[in-house]
Structures are given as structure tokens and as C-alpha cells.
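Notes for the one structure printed next.
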Amino acid sequence: MTLALRLTGLSKDFPVGKRLFGPPRAVVHAVQPVTLDVEEGETLGIVGESGCGKSTLARILVGLLQPTSGTIEIAGKPLDNADPAVFGRMIQYVFQDPISSLNPRKTIRQIMEAPLRHLHGMSADARSARIREIFAAVNLREEFLDRYPHEFSGGQAQRIGIARALAADARILILDEPVSALDVSVQAQVLNLLADLKTQFGLTYLFISHDLAVVEAVSDRVAVLYFGAVVEVGPAEQVFARPRHPYTRLLADSAPVVGRPLSAPEARETELPDPLNPPRGCAFRARCAHASALCGETAPALEQQPDGVWVACYHPLTGAG
Amino acid sequence: MSGFFRLLARNRLALAGLIVMGLVVLLALLTPLLPLADPDVTNTANRFKPPLSEGALLGTDHLGRDLLSRLMWGTRLSLAVGFAAAVIAATLGAAIGIIAGFYGGRTDNVIMRGVDMLMAFPYILLALAIVAALGPGLMNALIAVAAVNIPFFARNIRGITVGIAHKEFVDAARLSGMTDARIIATEVLPNVVPVIVIAMSTTVGWMILETAGLSFLGLGSQPPQADLGSMLGEARSALITNPHTSVVPGVMILIIVMAINLLGDGVRDALDPRLKSGALSRPMPTTLVDRSAPVPKPSDDGLLSITALETQFRVKDRVYRAVGGVDLHVEPGECLGIIGESGSGKSVTALSIMGLVASPPGVITGGAAYYRGDDLIGAPYEVLRSLRGRHVAYIFQDPLATLHPLYTVGDQLIEAVRAHHPTPRAEARVRAISLLKSVRIPNAEQRIDSYPHEMSGGMRQRVGIAMALANDPDIIIADEPTTALDVTVQAQILSLLNDLRRERGLAIIFITHDFGVVAQLCDRVAVMYAGRIVEGGPTDTILNAPAHPYTSRLMACVPELGQGRRVLAAIPGLPPAVDNLPTGCAFADRCHKVQPACRTADIPLSGPSDGNRVRCIFPMTASSEASA
Amino acid sequence: MAGYILKRLVSAIPVLLGISVIVFVIMAMIPGDPATAILGSYATPENVEKLNRDLGLDKPMVQRYFIWLGNMLQGDFGRSFSLNRAVLDEVMERFGATLILAGTSFVLCSILGIAAGVVSAARQYGFADKAITFAVLLGISIPSFFLGMMMILIFAVQLRWFPVSGMWPIYGARDLSALISHLTLPALALAVVATGVIARLSRSAMLEVLRQDFIRTARAKGVHERSVIWRHALRAAMVSIIPVLGVQAGFVLSGAVYIEMVFQWPGVGRMLVDAILKRDILLVQGGVVFVAACYVLFNIAVDVAQSLLDPRIKT
């Protein structure tokens, strides 16, 4: 087993209320220090609700955002400068909105050629051969190359987005909600394509989504994010079937499932903590039935449980239910 | 590009502007070649000759100069100066705007503060100050007009650039290894150019007016040279005695500027993608109804029964058959689910009932919707209005967009109460608070004075539900009310809706794309595909033994929590476009069981009226389902 | 609210300083030296030098700026050589006349423009919409100075309904009715362009708002259409109309320069044009800074109005 990606203490703060000079008025910790390993050939699912920092984390990983602290290592080599051109050859990104990730005024060929030209400096002949190869792999017809993005449906556009990411020849793909904008019947096509490509090219995926069922269906391991921090990491088949963190349990119980009667796991209206005024200790404490005095003092660290699952909780659930 | 000219030519006013402008420009270009008198030669013996005099078609001015000749030369000058000012202002302004917008941060901050400072002047003061410094003269007037317009362009283009710089394709370009300069040149600029062209075409007329204005004040072109403005300025002293000397240049300015404005509007309409689809139409108070076929009689006596409903969108010469003949009925206290993918017509069906489909482009072209025996389709506006919210209420998808951002939730609830029951405000407020309590909003007495943006998504949707309950309706139509919400909040909202319906005996039409939600909430369900119901019946039956291949395969391709890692059975292909539906079954092209018979004729919805009805001639059976 | 107003006033200080710098820099670009311009080309070198010293023109630029700024803050805008009068006195008196003209026009064009825009949007593609759209096109295409001249010709010379020019009758009482009859034509001529622009923007703002989801919500509640248009849609549209009103106030003030020339209105615009032609630099400088400062204050009022309308603006 070799590590494809290692994140150590990666965090991101956003200043709020910037001034022309001097320090900002406040700081939001969008991503609390995250430490994660991703093995080669693995699909790591990252789930969380809106505002949990999952997209920020993804953008740091491809160098579109500079982390506030922490390091990224790809295949054992640290990356210290946030230059997307350096990142681009090793790690690529598939965007949520397939249409807006394609420049409306460029043909698909121009879009596909950009990474080949600027990252790999290929000649025109080599480029067109490579594009042909990739298009065959994602089941797109070559005549699409001379069309413009608006002529494609969401599913086709997302295939083009995936093809572009493949063209950079990176081994790691960050998939940021790659199917959320697609209709359910098209969603499955794209998910299956991603699975095929993974085996064909030996890729490693970070699959980010708010949809628990989709993440469970495609991932080897799943990391659950809450309020900018990882609260649980474990094998996909276990995380939702036998949740250890109370928040994961809440997520799993809230998902509508055929055959399960309707119930509100939380009767009262609860809201995410205020990012400008984060609570002391565990961020989930106010919503948690198991919270104790300890939870209000310091935030629990992510620790490995006897069964191999990592949980950030002083009172992890037993995993029986 | 050819599409652009076609669009421009289709706009008759713009075409008229183009022709007039073309003529004026042509004449201005030809002026030196035409047999005209010298515009600057004075002949005081011939002063103030009226128009149509011999040797002076438009008469002469106070120095006896030929007005026609001066008009032609003046037009030439005014056009040149106006266009030059527009090009200079647009180029510099756009460059500043793109740099500020693309780099953002401190660069943006410093540049935009400078721009704000220039815009803090009433523009003519700045122009006057510049002319005062440089001295009167046409060139200096041009510089002044261009300079005062740069901030307007810069601010406009910056706004557009910020939007583009945050688009995902710019991130993608970065990840493709492109440098900032290349991204500006090949990703940002091509998307900004149409905006620059629009801004220029709508301001050229203004620039011509401005330079003419400075000349009118005597600060632009200096005698004897004349542009249209200075001709008007010189003629002012003889306005009362010899008005023709004023009218001639004034009318010319009017013609030029009007032609440019017409043309500019045409250019804007042709380049703005939103206008292409006719999107800037405002929806009318009720949907247009244009039923050619006879109105069907009520088929049963349910609370609400929809029969053969057809709704179309007519955009340009295309007809999108969004709803192609839908039958539904709802009993009191019942929850009916409508499930389908986007574009299946489920929302349009729901909105058609109360005439809330945006129109134009929506038109209800057939069918009926009987509420307690009265047809709502085509009912007069006042009848529909009195039923909306009182008997049939709606809950919409995105609670931030569906609440008015500038009124407190209390104001909006009070309005809902008073729209149908004229009650004193204080009384309505008490009712509003009790409504908020009934949807379990904590601290309702304080929350009532909150604005929507001060609440979380779940809270806002509770307000949306409270508003729907305001007049104790019989039916609530909920159009994907939880799609925009997080999963934990969705669970709360669904259970609230379920409790309310049991407490109050509400009928609910619940529109969703999620089988899990339908399974938990609905008594009966209708599955829609390409504008029609393909299967309908009791929820349990359909979820356990779907009869239509579409239902069965759709359920198979949606992952469900708790089933672990698996390969999904995808449906190949795409839903058909509703402006070009095939004959027969719309699902035929994607169906694994398709037979030639599926494509020959319309397939009816068949089956027992109280059981599972399906629009398929080869429905799934228990055995075929097992093999699928 | 008071805190917000104070905050906006404080934030206006750098803008006002910026304005003074811009004006100072532009005026410093004038070729030749002002003393010669003031004294004429026959002045003796000694006199020129003395005047230069009196005006502080022998000192470095930055120092001169701060002297000028300091004087202005004490209310000393210098002395106009062409009128032989304190600049501030002249500017204040003239600005009063301009305010009457431009203020009336601004009120007219705001009310007419918004009303026309709302009606136009509510009756999109109907007769009223077409008529208003055409009138607006005519309005924004006609030069206001030409329109003013034609109005004089028709309403003052031909029909004799209104006086030809000026602010007050030469003989007779300076009362309100005299002012109104003198004001009507110039105020209308000045309002036309801005009315057109405001009507256009109001129409498109209304069309934009009428497509929003919350309008559909209001209709689904059973709110009457009249209330949907004037209460729901117009209020939301005002969020984008109010900033336009602020910009248009600047255009009305600018257009006043032409109208004052045409109607011989004794306003600050005519004063500035005369001063430029006479190269009375101190008068130009003082007039521009004073009017621009007033406009900055007006725009603060616009921002405050906006914050009263829109609760999403943090006050």
C-alpha cells in the first residue's frame, strides 16, 4: 500500500471584514486542521452539510486556495507552493456545475487542449492523438470537439469536464459534487463511468458530496465533516450502518429511506454554530444527547477506535445500532 | 456572428436605426466629395437667408454661411469626435475594470476607490475643470468627455469581470496551467467583449450629445470651424428672429442620437443571452389559457381533480409541451406524491392548477382542474385570486428566494391573512404569531420581526409553511420544499408537514424527485416522464412492484443508504426534448424492453382506477422484474 | 441609524480630500502662470512676481495644496478677479439658484420616471408600454439645450404662456408665482432626459423583479395584483432604482449647466462657463469643489435612504 495523498494539519482561515490596511475584523476557521491519508487507488468519500468546509478543503488540495497551515504530500513528495500549474500535473479537479466549468466561448477542442499544451507542452499531433484516446475512454464522440459547451446536456458536459481532468494526466482526481447538478437517471451513468476510469487508469479519488447514499455507493472509506473538522473516518460500509459519532448517526437517521417510517431525529430546530463566534469545545455539543461537561472544554481529537474507525468524540457510540 | 446580425435585422426599430445611421455616416464620409459651398466663407450680405433659398437649400446663418454645407461638415466632425470619445473611454475603462475585477483584493480596492472619487463629481464639473485647465477647443472637449466616462465603463466592466473571474472555468484554466495574462486574454476577455460592445453602443449617443454640449457652451470647437453643438450655440442669439438656424443643427443631433440609441438597443438585445430566449418578459397575474378542444367534464367528485391538463411553453417558433395531458385527483386529507426528473413537467402541472405558470411563455392549452366541481383553468382573475392561498396554498422550493427580502416574515404572514380576511393589523399579528408557533418556530414573538435573511434555511421554510397555513386551506401544493435543504433539516420539515396534515386533515400534493421522501410521506404517487404520468397508484404498490420500466429502472439507478458500495444500473440516454417528442412511448429509446409497437401510437394510461395504472403495453411483471 | 449616518459621513472625508486633490491637480496643469492670466499680458514682471507671492504660487506644489485646503476649510475660497468678489459668496448665491432649478427637476424626473417605468413594466408590450418606450427614446435622444430652445420658441415666444428667460421678472414682485412661471420651462427641459433614463431603468428593474420567485409567492397567497406591483415588486425594484437616482442627480446637476445658458438662469453652471472663458481659475476651482462636495453629501443621503429600504445592508 502506498500513500497517494497525505494531508497534515491542513487548515484554512478566511478573514472577515477586510480593511484596506491592517488586520481584518474577524477570522472564520473554514477548515480546522485536517490530517488525512489517502491510499493509492482508493476512493475517499467526504460528506458534510452545507457550510462544513468540504469545498474549501477541495480547493486547497488543488492549489486554488493557499492553506493557512499544514502540508500536502503527493506520493511522498511535499508540495510547498500553491501554484495550480504544479498541482495540475498531479492532482485535478472535477467541478460541480458542468456547464459553468466550461468557457462558453471556446470549443471543446480548445478546452481539451489547454492542459496538454500548458502542462505538458505537447505538439499539435500528440495533442490530437491524446484527445482522441481520452474521448474514447469517456465515451464521447469526436465530432463533439468542434462544438461549444451550450450544445451539451449536463451529463455530456460533465463527461467533458472529466475528460479535461484526465488530459492533465494526474493520478488523483478531486470530484467536488460531480453529480449533484445532474438528474438521477444521468447521475448513475456518470458514477459508473468514474468507476470504470478509475480501474482503467489506476486513479485515486476524493469524492465530495452531501448525498450520503451516493458517497456510500462509490467510496472505500468515508470522512464525515462537521463545522470544518473531520469527526469520523471509516470504511464506507460501516460509517452509516454503524455510526460512531453522534453527528454521523444523526445524518444517517435523517436520510429518507424507502421502508423506514418518517421520523425527525431532532424535533427542535437546530442551527449550525456561528462561524464568527465558534463554541468552545466540541462544535456538535449543543445538538448532542450525549454531551458532557468535558465536551464543553476542549474539542475532542480524532482518535482510532479498537475496530479501526477514527472518531473525534469523547463519548463515541458503541456501533451496535 | 451571422446569428447576431439575423437577430439585429429581426428587430425592425434597430434596423431603421441602422439604415438611418448608415446614411448619415455615408453622407459624412462623402462630404468632402460633394459639391458644397465652403462652410467657413462668410458673406454678410446673404445673412439669415430662409431655407429653400436659391443657392442655399437650408438657408444661411448669421454670417451668411451656407447652412447645408456647415451641417454636413459639422455632422462629420460631431460623429468623429463622439465615436473617438466612446472608443477611448471604452478601451481605457474596460482595461481598468478588467484588471481591478480579475485581480481583486488590494489592487481592486485601490483602483475602485480612485474610480469612486472620479464618480463623486457630477460629471460635467470634471469635464469643465479639464477644459478649464486645457483651454477651450474640440480636442480638449474630446479628452474631457472621454475622461469623465472612463469611470462608468471601469465600474461596469469590473462588475462583469468579478463574476467571470469566479466562474469555475477560470479555475479550470488555472489547473490547466495557464498564466494570469493568458487567462485574461483567452478566458475573461472573450466573455467581456459583448458587454463592452453593449456599453459602447448604448453610450455613443450620449458621448455625441456631451461633446455637442461642450461646443454649445463655447468650450468645444472654436470658430470658424463648426460642429453641430457650436452651430446651435452660435444660433442661440438669433433663436427668436431666425429659428431655422437653430432647428437645422438641433434636428440633426436628434436624428443621429435617436438612430444610435435604436441601434444600440438592438445590439444589446441581440447580444444579451437572456433576451434571446425572451426571458425578460414579466409573468402575468395568471397563466394564459388557450383551450381549443372542448373542456372535459369532471370525471369524479374528489376535492381536486385534474383532467387532461396540457401546458406548453411557446418560445419564438418552438413549442415545448411541458405537460402533455395529465390526470390527477386528490381526496381530502390525502397526500399525493408527484415524482419525476427535472423537465418531466411535475412543477408545471402543479403551478398550472392555480394559473401560476409564468406566462409568457407558458400557455395552458387544454384540460381542466376542478376544485370542488368548479373549473379553475380559465377562471377569471378575481375568482382565482380569491381561491389562491385561501383554499389552495403553495409551498415552494428555495425559501430564500420565495420570501420577499425586504419585508419581515411577520409582515408577509399578516399580508397572507389579510389578503382574504379583512382583519385589523393587531389581530392579524396575533394570528401570525400563532401560525409561527404551529410550525414550531421557537420564540415566535421575537422571530416575527425578523427578515428572511436573518433566518436559517430550515426556519425560512417553516415560515413558508406557516404562510401556506394562514387561511386554513384544503390543499397544499408543495413544490420540492426540501430540495434546497440539508438532510438533517429536511427530516425536520418532512415530519412537520406530516404532523400538520394529520392534525388538520390537509390534502397535500408533494412534488419531489426523491423516492425515499415519497415512501415516507405519500399515500399515492404519480410518476411523470416527458410531461405525462407514466405510472400512478398507491405508494406501496409502486415502490414494491413498479410496473413501468421507467419507474423500475429509475429506482434501480438511485443509490439508497444502507446498501453499501455497489454498481448502479444506469439508464442509457437522455430524456427526450419536450419540443420534439417521439410518437408512442417517450421512454422507448431508453427502454430495454422496447418493441416496435411501442413507437406506433399513443399509449393510454391503463389499469384499475383505484389500483396501479401504467402507461405501458409491456409492463414489468414479477418475473421480468427479477431478471432486470 | 445615527451611527450609520455618522459612519458614512466619516467615510466621505477621504472622498472629499480626493476631490480636492483631483481639482488641484487638474488646475495645476494649466499652462502658463495664472498671475499673467489675471493681470493680462501687459503686466510688469514685478507685478506678476508680487501677485505670485501673494497667491503663494512660488511655493512647492504640495505645500500650495495644503495652504489652499487650509484656506478652504476656514471658508476662504479666494477672490474672483473677474467679479472682484469673494468666491464663496458668489458660489453660494449662484448655487442657490441652481438648487431651485435642479431640485425641482430631480423631484419631477424621479416621480415621473418611476411611475412611467412601473406602468410600462406592468403593461409590457401593451399600448401604454409602447407609448412610454417611444417617449423615453425621444427624451433620451434630444439634447436638453435644443429642447430648451424649442420650448422657448413655442411656449414663450409663440404661445406666451411663460417668460422667455431669467429667474425673476425684471420689474415686479419676486414672489412664488413669479418664480414658478420662470421655473416651469427650464425645469421641464432639464427633467426630460433624466426622466427617460429613470423610466428605462425602472422598467427593466421591475421586469427583473417581477420574474422573481417571491412575486409568485405573493400571487400564490392571493395578494391582489395592484398590491403585487406597487407593494411587492416596486419595493424590491427600488433597491436598484435608488442608486440610479443618485447618479441621475449628478446628471441633472450637469444638465443644469446647459439649461442655465439657454434660459439665462443665474446659476452656478453659467457662472462656471463664464469663469472658464474669462480664465478666472479661482472661481472655477472654488465652484467645482463646492458643488462636488454638496453632491457627495447628497449621495450619503441616497445611501442612507437605501439602508432604510433594504434591511440586508448592515447599518
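Going in written order, the chains are labelled A, B and C, and every chain counts its residues from 1.
To be clear about the criterion, contacts are C-beta pairs under 8 Å (C-beta built on N, C-alpha and C of every residue); 3 or more make two chains touch, one makes a residue touch a chain.
Computed from a predicted structure; not experimentally measured.
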| item | value |
| --- | --- |
| Chain closest to the middle, measuring from C-alpha centroids that were averaged per chain | B |
| Per Cα centroids, the chain farthest from subunit C | A |
| Rounded Å distance between subunit B and subunit C, as computed from the means of their C-alpha atoms | 33 |
| Separation of subunit A from subunit C, taking each centre as the mean of its C-alpha atoms, in whole Å | 54 |
| Sites on subunit B touched by subunit C in the complex | 113-114, 116-118, 120-126, 128-136, 205, 209, 212-213, 216-219, 229, 232, 236, 239-240, 243, 246-247, 250, 253-254, 257-258, 261-262, 279-283, 285, 354, 356, 358, 381, 385-390, 393-394, 396, 398, 401-407, 415-416, 419-420, 451, 453, 464, 467, 470-471 |
| Touching residues on subunit B, where the partner in the complex is subunit A | 106, 109-110, 167-169, 171-178, 182, 186-187, 190-191, 341-343, 440-442, 456, 458-459, 462, 486-488, 490-492, 494-496, 498, 513-517, 519-521, 543, 553-554, 557-572, 574-575, 590 |
| Interfacial residue positions of subunit A with respect to subunit B in the complex | 20, 49-50, 59, 62-64, 84-85, 87-89, 92-93, 95-97, 100-106, 111, 114-115, 118-119, 153, 155, 161, 164, 168, 183-189, 191-192, 195, 210, 212-214, 216-220, 236-237, 240-241, 250-272 |
| Residues of subunit C that touch subunit B when the two form their complex | 14-15, 18-19, 22-23, 26-27, 29-31, 121-122, 124, 137-138, 140-143, 145-146, 149-150, 152-153, 157, 164, 204, 206-208, 210-225, 228, 232, 235-236, 239, 249-251, 253-255, 257-258, 261-262, 269, 272-273, 275-277, 279, 281, 284, 288, 291-292, 295-296, 299, 309-312 |
